[in-house]
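Right, I'll just put the structure down here and ask away after.
Labels run A, B and C following the written order; every chain starts at residue 1.
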């Protein structure tokens, strides 16, 4: 650990991404994620990387995938309407299994909404935003320090599972400045995509070895020719209309995430050991929840906090276990109840589930969460 | 020899192609392969990028690093590939709807940036894959399934559009004028900057049938009989040019190329960092 | 890796990140500072410098601001929390210190302030009746920047000097380092002067 420096959440995204090996960024200006583009523009050429401001978010997403296909770790970032525009090519990255990281600093919607106000209403868009059945990994940090570590993990998961990873931030953390200690690069675990030449020219670029979940990947221009398509394809990489082959592909795409939950899912439990009430929240909301449960404890209420760090895949098994121990769960989020749906699905009738949310662009404060904890 | 060219640059196991009998797409695809052969490019340093549509299937038939992307976005993908690895020869194959309607914004901005990629347009004046809807290059008055009473839109001149947006090389070819088209594609690939070759294609199945243009052979003959070279076209009036197929290099200018300019920034920052370290 | 192990690691890491340097659990050490003015007066930078100074002093900080059209000339609000212990909620709830550089901002934010909140106002401002604070400082922040420092845009640094003189947040050296790390090259002397002017505005 080095010296503590003051850093904004959006800056930590870039610094962490560079530490993870990001050397390409394509983006388009939009509040409240613009600082990520600005910082990338400054920092990337300093480390031999490339930054490009594209004509829109659609092309930013496309260029990001293109750069990754050429062998460079790539990222794009956006907010609100821009995240909507990313959806088309997010699906492309899913089916072609091209690693990349997509940051969404959420803001109030729908549409242009309240451009500078915090929100967490893209939880379901992160999961279902692009059409079709597909795998989703979405991570959400609740502090600047965690942003740095977690964006590195986003790259690692993306490379390991060859799938786009969504970094689901909010304005609260994106625009927050805190002191963080930058870890020594040698203490950072970096995972790179499994690179391997195929057995022969135009071999089987999407062939998955026994016991593996993803095919190896050779960047364009490295001496082996192959085809990538957004159409359903066989392990040859070429399009197919065969239902069995298409079904097998989509099943593997989903399963490579869903069958590896133990490796992917992370969450945090705070004071849950003896808790009667657990606040379930994620991202910046956790900061208010943390204060709220501390205040509740001072009042003699046994409150705890359960925070999914991987919003997707959701830590369902872990929350289910907790729901059998506590009397009540309070879901707190800056939306009208999106993670709530997942919590209700997981918890069923194990305990009572209450909700406190915000849809007006203002911040959910500790007293509001506390009064919900105190209800009953 | 066509067969040698196919063996060397195509993926015979994925042929025959899906295109209709009489379609001009195969001719343009061969033109691209011939241009690459003539230039002697390193097989493994060529990347073919396509979007969605009939012509975009060409990527799958050509034996290079090939990527068949989303509708209209081929140039944006190509931009990422080229900037990430500028030593690659990046060639975009696209249809008229793909490149000038849904992908129009990417076209003009890639041209403006003057990024060193080559775009070959399979311009058949119709959306073929979806069954014959009018496109941005369908001439006014002509028909498509979505212009049953005649198209009232004005049509785009794609090469002119790209040049106006800053493309440093723009040319027009046709499926009849094979030798010229190969030459233009060669010039485009060699050119340092954004290049576009807008090739007049034929779609006898939809455009031809909807508009009573006759057989594939008739449509080819039309190109032969109505071709006007660029040099001559600039002396003709709009009225005189009606229905003509203009062939030739529209413009070739030297502007700084995007990836080279970006590399200069990286190099400069590297030098400055070194100097700081020394002092 | 087993699941239990995995999640423990993750939890451990998260806990570690938020518990370093817990020197004192005393709640009273928490300073909630809100600075207001008009867009362009540099109140955001002032809070960033105070946050930087807090880090220099080994404290926990959380700095944020109200973004938006305000940044183009309307009222502007920026906040910093400085605490000995890790900070939960990152926004200011009950300011322990409040500054206003414009009447508009003062009128807008004064109603929410408690009696115990220390207030610093530019001396051109009129104190509204709704301001309950027991401790209100008035100082010629804007005027000093123009007349003593010689540049109106140094008002935020003058304010930073004055704020630290009132609150004793950090040592003079720590504050100096924080200012120097956030001002443009070539303006160090000017900003040093502004800092000194600001510190002297408050009589100890």
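Just so we're on the same page, a residue touches a chain if its C-beta (ideal position, glycine included) is under 8 Å from a C-beta of that chain, and two chains touch if they have at least 3 such contacts.
Quick caveat, the model's predicted, so the values are computed rather than measured.
Undergrad: What chain sits nearest the middle when you go by CA atom centres?
TA: Looking at where each chain's C-alpha mean falls, the closest to the middle is A.
Undergrad: If you take the mean of the Cα atoms for each chain, which one ends up farthest from chain C?
TA: B
Undergrad: At what distance in angstrom does the C-alpha mean of chain B lie from that of chain A?
TA: Roughly 37 Å, centre to centre.
Undergrad: Nearest whole angstrom, what separates the Cα centre of chain B from the Cα centre of chain C?
TA: 57
Undergrad: Measuring from the mean C-alpha position of chain A to the mean C-alpha position of chain C, what distance in angstrom results?
TA: Centre separation, chain A to chain C: 32 Å.
Undergrad: Along chain B, where are the residues that touch chain A in the complex?
TA: Contact set of chain B toward chain A: 11, 14, 43-45, 47, 49, 59-60, 63-70, 73, 75-81, 83-85, 87-88, 105-106, 109, 262, 265-266, 269-270, 273.
Undergrad: Hey, which residues of chain C end up touching chain A in the complex?
TA: 1-3, 6-7, 10-11, 13-14, 17-18, 20, 48, 51-52, 54-55, 60-68, 87-91, 93
Undergrad: What residues of chain A sit close enough to touch chain B in their complex?
TA: 23-24, 26, 45-46, 48, 50, 52, 54-56, 58-60, 62-72, 74, 88-89, 92, 202, 219-231, 238-239
Undergrad: Give the list of chain A residues in touch with chain C in this complex.
TA: It comes out as residues 4-6, 31-32, 115-116, 143, 145-146, 149, 171-172, 175-179, 181, 262-263, 265-269, 284, 287-288, 290-292, 294, 309, 318, 363, 365-367.
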